[in-house]
Amino acid sequence: MSKLVYLVPLFPLMGFLINGLFRKNLSKSLTGIIGCGTVLASFIVSLLIFSETRKEGFETVVVKLFDFINADKLHIPFSFQVDQLSILFLLIITGVGFLIHVYSTSYMQDEEGEHFARYFSYLNLFIFSMLILVLGANYVIMFIGWEGVGLCSYLLIGYWFKNIDYDNAAKKAFVMNRIGDLGFLIALFWMINTYGSVNFAEVFAKAPGTAIPILTGITLLLFVGATGKSAQIPLYTWLPDAMAGPTPVSALIHAATMVTAGIYMIARSNILYTLAPITQTVVAVIGLATAFFAATIALKQNDIKKVLAYSTVSQLGYMFLGLGVGAYTGAVFHVMTHAFFKALLFLGAGSVIHALHEQDIRKMGGLKKFMPVTHFTFLLGCFAIAGIPPFSGFFSKDEILAAAYAKNPIYFVVGLITALMTAFYMFRLYATAFLGNFRGTSEQQHHLHESPSAITIPLIILAILAVVGGFAGIPDVFAKNAHLLHHFLSPVFEKSERLKPVIEQSNSLELTLMAVSVFVELIGMLYAWNRFSKDPELGEPQGFGTVLANKWYVDELYDTIIVRPINALGKFFNDVFEKSIVDGLVNGIGRTIQYGSRQLRLLQSGQVGAYVLMMVLGIVILFVIQIILKK
Amino acid sequence: MIPVLLILIPLACGFAGFFIPHPHAAKNWSLVSSMITLVISVGGLTAYNGNVYTHFQAEWLTTLGARFSVGLDGMGQILTLLTAVSFPVIFISTYRNEYKNAKNFYALMLLSQAGLMGVFVATDALLFYFFWELALIPVYFLASQWGGEKRIQATFKFFVYTFTGSLLMLVGIIFLYFQTKDHSFSMDSFYALHATIPAGSQSWLFWLFFIAFAIKMPIFPFHTWQPDTYEQSPTATTMVLSGVMVKMGLFGIIRWLAPVLPVATWAWGDTVSSLCVIGMIYASLIAMQQDDLKRLVAYSSIAHVGLMCLAIFATTKTGMQGVMIQMFNHGINIIGLWIVVNLIERQFHTRKISELGGLAQKAPVLAILLVIVALANVALPLTNAFVGEFLMFSGIYSSTATAYNVVFTVAAGVCIILSAVYTLNMIQKVFYGNTNALTQNAKDINFSEKIILSALVVIIVLIGVYPQPILDLTKNIVETIITKMNYKL
Amino acid sequence: MGVTQILFWVLSVVAILSAIMVVVSKSPIHSVLWLIMVFFAISGHYILLNAQFLAIVNLIVYAGAIMVLFLFVIMLMNLNADTEPQKNKWLKIAGVIAGGALLLVFVGALKNADLKNQIAQVNNGDIGLIHNLGIALFTDYVIPFEISSVLFLSAMVGAVVIGKKD
Amino acid sequence: MPINYYIFLAVALFCIGVAGVLTRRNAIIVFMCVELMLNAVNLLLVAFSKMHHLALAKNDLNAGINGQIFVFFIMVVAAAEVSVGLAIIVMMYRNTHSVDVNFLNRLKH
Amino acid sequence: MNAIIFSAVWGIVMMFTGVLAKTKTVIQYTAIAGLILLLVVNILDLGGNHFFDIDVHNMLYFAPFGLLFNCIAFAATLIYFLLSSKDILEVGTNGADYFALIFFVLCGISIVTSFNTLLMLFLGIEIISIPLYILTGAAKRDLKSNEASLKYFLMGAFSTGLMLLGIAFLYGATPNGSFFLDDVAVGRTAISPLYMIGLLLLLVSMSFKVSAAPFHFWTPDVYDGAPTVFTSFMATIVKAGIFIAFIRLFEDAFEPMQSRWQLFVSIIIAATLFIGNITAVFQQSVKRMLAYSSISQAGFMLFGLLALGEFAKEGIILYTAAYSAATIGIFAVLIKMKDYSFDGFNGLAKHHPVLAATTTLFLLSLAGIPLTGGFFAKYYMLAAALKTGSFLWLVIFAVLCAAISVYYYFRIIQAMYFKDGEPQQMETSTGFRLVLILLAVIIVLLGIFPQWLINQLYILYL
């Protein structure tokens, strides 16, 4: 079955082509069926492969389709790799992807047929690219997917292209991703130069013998790529803006899958990172900083999607923290649980937006009674993200925090504060939107109703997953060897695990840490619940709150120190340097010749005497030269 | 015989074209001629076994040591193919453009094709020079007669600029000719020179050649003719200029400069590479500021060509492979862009980005096709340009010809980002947003345009996914050239 | 210093002074007369060098025919000293300086010439006699002699073409 | 006489002629100065002719005669030139009533 | 010898036709017939059929190089007659005499291409010059023509003086006192100052005749002032003929001490190219521009002198042919026009496509664009210079100047093709156009098979 892995990306590709090429001819329902069906087919194939990988003695399978690039000594096959890590991601992508496709059929129902098909074709293309990303057996194929998802993200953020702000957001996403991609690319070239190959198998095999500086360099550059794709400091600002896209897109791309590509890539390259401790520290610090920083911003956001976006950034920071401290399984685990609950939250938010056509939580309130299913699933999602046991977020987050503590207690402390804030802003969001009284217009209230089943069913499924997903990784303190995921992924991280110094942590310590974090999260949750259900924060933020509401003015900062200088430089080049200096020099030669011509022709005075004088002078000069030469 | 036919057919048809009175007939005549050329070129490709030259020789200027000697190797194949593909595409895509004196227009187009073909197949330096000029003259007339308002000054600058360069090259060619043992202009004799010319002479000879090529490509700071000329030329001519003629410079370096003067190429590598990198960033920054579609594409072309030149001087096989395939890709992509520009200009009589907007609503097919071509222009994976740029970057990075390989890679890499910025800006401002008074009655493209753009898109994706045939085509010639370039005195 | 030498110096001084007067004289008539003076001095030199034929021809052709022609033209045009407007003074000075510089470079170039032993034969030597010249002219030099007729023909045609009234 | 006397004399006359050409504006006088230059050359040629004759008379009785023949041809040419030259000057005088070389100054730059 | 005698005789014949002929056409056809005859006898001469068995006493030496050039000069004159003989007759009342004078000039050219002593060179140059003074002044009522004639004459006479002084010094410097080129050339290790002065003065006076800077000042004024038909003749055939003389003189007499004068020639070349090209840029009159262009072309031809040797001589032959053909063609068109300014050419392509197309080709040839004779002409010159191995700077300077030359040549092309203008009243016969096309074909053939012409040289040697 693993040999047929190419079918997994093939189905969405076909979906993309069919929906894309015949978008004018297909009915909406047919479009929806094609869009969802292809992803479902991929999911089924993935499941089959998954069942295969679960068997004992499963070896990594590399399926080579054809030679992509063969130049000189560089051989880059177009090949897919099936192992535990990739199949896990396949399941998440196709599974969550399928649900979101189904959700979208209803959510996007208002679009015209042509655009509806365009939407699904983009979505399918995204699934295809994402699958390529995780399936690639070498970094180049991974990079193809890597840029492909960036493109799809661009297309989907700018889906409503009439709105220039949305287009700007799309562009920003693409460009920021490109900055990261440049790092990725240079890492690739370095890799090629060092190992002569980009194939995972070869690179990882040769990695232990590499000089540490080189490995540090390569891994840092790869990480630059990851910061772009996974929205980490300093390249995170595109993600909140990316909320311009349709909400299901935010759920799929900007929460569940694409943004986790960076985590996937580092997890895939775990051996390189394990061998480069400096990079690991950098990853951990950046991850932690992002987690904290984004959480602070989320505290004061009023756009339902923005809050979720910053929470995504923050959660991604957690994952990087996990990677940085060597808890690869924990990071991947968090990817999985995050995919469930964040997709759930986004889709829930989408359901609200679908009903209200409003994104500002200050204008919602009391939705609990109008939209019970949405409300309930959203609440579950909030529990999960806040890390309330036994919801899924609790397990994955605590695994990371525990590993962080082992590495450095400060990591843990900062992580804890972030968790507190997470709980706070999530329940601020929940309480403001769903509790209290409805604050919207009466017309909105009139139309207010629970979303159709195509929306609610995915919500329910995701809610279930968000609740139970955590049990895939029950820590040892609760039950020995119950960490299924760890067991499943161990072949992938085997080498890294062996290299990692074994730190014995007593069960009691771990339990204490858990208790502390749960306690803190509960405080944050209850405080927010209590406060915002009664007295939602409706006014404009004051004092320091302004800074947070304005996202620490990071966008403005970037604008000042990067965008504007570059523009000014470009303007200077275009208006001054190019015209006056480079072209001026060329034209100057022409003008000098013209001027010389004007002057030189005056020599032709028209007087014979002057002409003869010139001749005589010419003769004199020739003779003088002759006399000088003689000497 | 194939290289001869490649020259002869456009040449003969071109001359005949002057005497076709009916504009429509002239149009079709040139289209048919270019199609035949394409068929022959493709035929030659299939017959090509990847190794030997397809050679044809005739005595010509025997006493001068020059022969009419033409041949095709992998590089020649790929560039003649590009030329052969470009012209039908150009003719079809501008089929609805009406030109005064159409017969002259099409005849001159065919003559320029003959010149271009000649440049790519000549294996004799003097013949090469001949065709080099022959390709220029018709383009000059085309641009000056059918161009925009300021066409006369702009194209004249272009002409004088390139002519100056080529005269310097002529001096270099003659000088080398006297150095050859058998007093011959043949390529083999020239290639045999690399060991005999002392480093000092190589050093200045290098610049005689390089300036000519640098102007043609163009490389910063020799580029200022280009935006003006592109802007002022009729789009069909601009397509020839940017799609194919630009490759003459790159081709010239690879065929006539680097293998002949390897020591100087090595010695000046850093200087030239720096120029390339500076030019890339410079052009990209300027491209970001452009409001005129043609100028934008022109500057983006400067940036792209700078990368190719940089990769040549990296002296690596991977990089050179990248250059080979990228020469073809760049031609295809930029012609695609010009087609779109032409369609826009023909419909709205403006090329100002700021005056357009919302076209995607009215012309979705055009928008989609443009986006794909534009994405190829920014080298997105699975488009053709990615393969080329990837290989080139890889080559530059692993170059041992320079100590600054990393600096060059990173600096050139910045242009990847910048190219995304200006390309997306352009797409956004032209196609997205809301329609305005000018664009609200826009029409989508018609069938033939759709076909031709789709064909380009298919080529783009095909090469992007499966570039291996082209890489294999140029494999041997790359080996040969790099071996020659690596020669040390 | 023998008679020859004295004659040489006298003739030379006369020639140079007269030549200067040709240039300096305001009136064209005077210039012509001074020029004739130069010709006489030069003819004297010819005689000294025993180039009798040339001496006579010089007088007949130059002093006699050509100068008369000049004189005739000048008279015909009724040119006198005032008709010539003053040339730019600076240009004049430049002219003199340039002429002087030319002389200087000639002298400078000839300074190192080793001509001490080279003597121009004076008083004797028969080559200047009309007999010898005649033989040479009509044997060895018959071709240029004939060809100079073309020159004269063209000069004749030219003078007619230019001089004829339309 | 030592030949360099003749050389210097001839060169001096020649340069006086040149100076005359440079300084005078009357076409006829300019032309006369040219004639002066020619005469200087003639003198030089005759002197050289006699110099060669003295040096080579042992082998060749007519040695050096060619110099004098050349002078003869110079006179021939000079005569022809004078006829044409004066014709041109007269023509100009007819049209402009001036023999100033700078009077006609339409052709310049 | 055939050519010298025939041209002199036909000159006389032309004088008589002026008296006897009833109509102008008779004069015209007599001249053309004479020229064809002249061409034929010269070709026969080349083939070894000497009509006259004259002992020239070594005064003349008929080498194939010179004779071949004669052919080119006569052929060019023939084409010139075919194109412009009508216009010659319209200059003044003495049409037949003009033809006579032209035949005398051709006689002079035949002499300077075959001289073997400095005496014949001097006579030949005078035979060329004197009729030209007259032709320049042929438009007697035209003050410009008067002025040009006077300037030409005065400066020409002055340069004759310089040349004679040079010859005198050379005569003094030769050990056996001779004017024969062989005697002038006899191997000398230590050149006396006399010799060097003589050489330099000859260089100067010949430079004057070919209008090389800084001795070129007469050229623009004379070419501009002379009746356009005669400018055409002077700028092409005459100039080329004197070039041949120049080369022959320096090759036969001064080659052994080439290293002593090459520097001077290179300075003159640089100055000529610079002044010729730069000054031409700003000209407003096409005629005057062509005068400057002829100066710059002379700069290129001087490369042949710089290099000497077979290769350079082949090049000079080709250069003279290509240059003459192109320039005659352009002048022929120019003569037909009323307005000599650049604007006068505006829109010519629309109204006179054949004229415009051929003129374009001529201009391309002058600019040295490949596939025209002009390219190979320049190629030979540059190659010859590079062959010496020591004048690279000059060659590069020359090509930069050639690039500048494009500026003024292409101004005409731009005017003809890219600018609109009122059509000028021009009467051109079909024959005229056919000859122009023939000329264009010749130029293209020279551009593709330059060695055809040169091969004649080798064939004739065997």
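A few remarks follow.
So that you can tell them apart, the chains are marked A, B, C, D and E in the order they are listed, and the count of residues begins at 1 in each.
Methods note: a contact is a pair of C-beta atoms (placed from the backbone, for glycine too) under 8 Å apart; a residue touches a chain by one contact, two chains touch by 3 or more.
Just so it is clear, the structure is predicted and the values come from calculations on it, not from any experiment.
Steps from chain B to chain C, taking the shortest chain of touch contacts, total 2. Graph distance from chain C to chain D, where chains that touch are one step apart, equals 1. Distance from the centre of chain D peaks at A, each centre being the average of the chain's Cα atoms. Taking the CA centroid of chain E as reference, the farthest chain centroid is that of A.
No other pair of chains has as many C-beta pairs in contact as C-D. One inter-chain figure worth recording: chain B and chain E are separated by 43 Å, centre to centre, where each centre is the mean of the chain's CA atoms.
A separation of 78 Å divides the Cα centre of chain A from that of chain E.
With each centre defined as the average position of its C-alpha atoms, the distance from chain D to chain E rounds to 26 Å. With centres set at the average Cα position, the gap from chain A to chain B is 37 Å. Counting partners per residue, chain D has 3, 7, 17-18, 21-23, 25, 30-31, 48-49, 51, 53, 55, 63-64, 66, 69, 73, 77, 80-81, 84, 88-89, 91, 101-102, 105-108 as the residues that reach two or more other chains.
Contact of a single residue of chain A with at least two other chains is seen at positions 601, 604, 606, 608-610, 612-613, 616-617, 619, 623, 626, 630. Across the assembly, chain C contributes residues 87, 91, 94-95, 98-99, 102, 106, 109-110, 112-113, 115, 141, 144, 148, 151, 154-155, 158, 162 that each touch 2 or more other chains. A complete list of chain pairs in contact reads A-B, A-C, A-D, A-E, B-E, C-D, C-E, D-E. Listed in rising order, the residues of chain D touching chain C in the complex are 1-9, 11-13, 15-26, 28-29, 31-33, 35-36, 39, 42-43, 46-51, 53-55, 57, 61-66, 68-69, 71-73, 75-84, 86-91, 93, 98-100, 102.
Of all residues in chain A, those touching chain E in their complex are 593-594, 596-598, 600-601, 603-604, 606, 608, 610-612, 614-615, 617-619, 622-623, 625-626, 629-630.
By the touch criterion given at the top, residues 601-602, 604-609, 612-613, 616 of chain A touch chain D in their complex. Residues 150-151, 154-155, 158-159, 162, 193, 196-197, 200-201, 203-204, 208, 213-215, 217-218, 220-221, 263-264, 267, 275, 278-283, 404, 407 of chain E are the ones touching chain A in the complex. Contact residues on chain A toward chain C in their complex (touch as defined above): 609-610, 613, 616-617, 619-620, 623-624, 626-627, 630.
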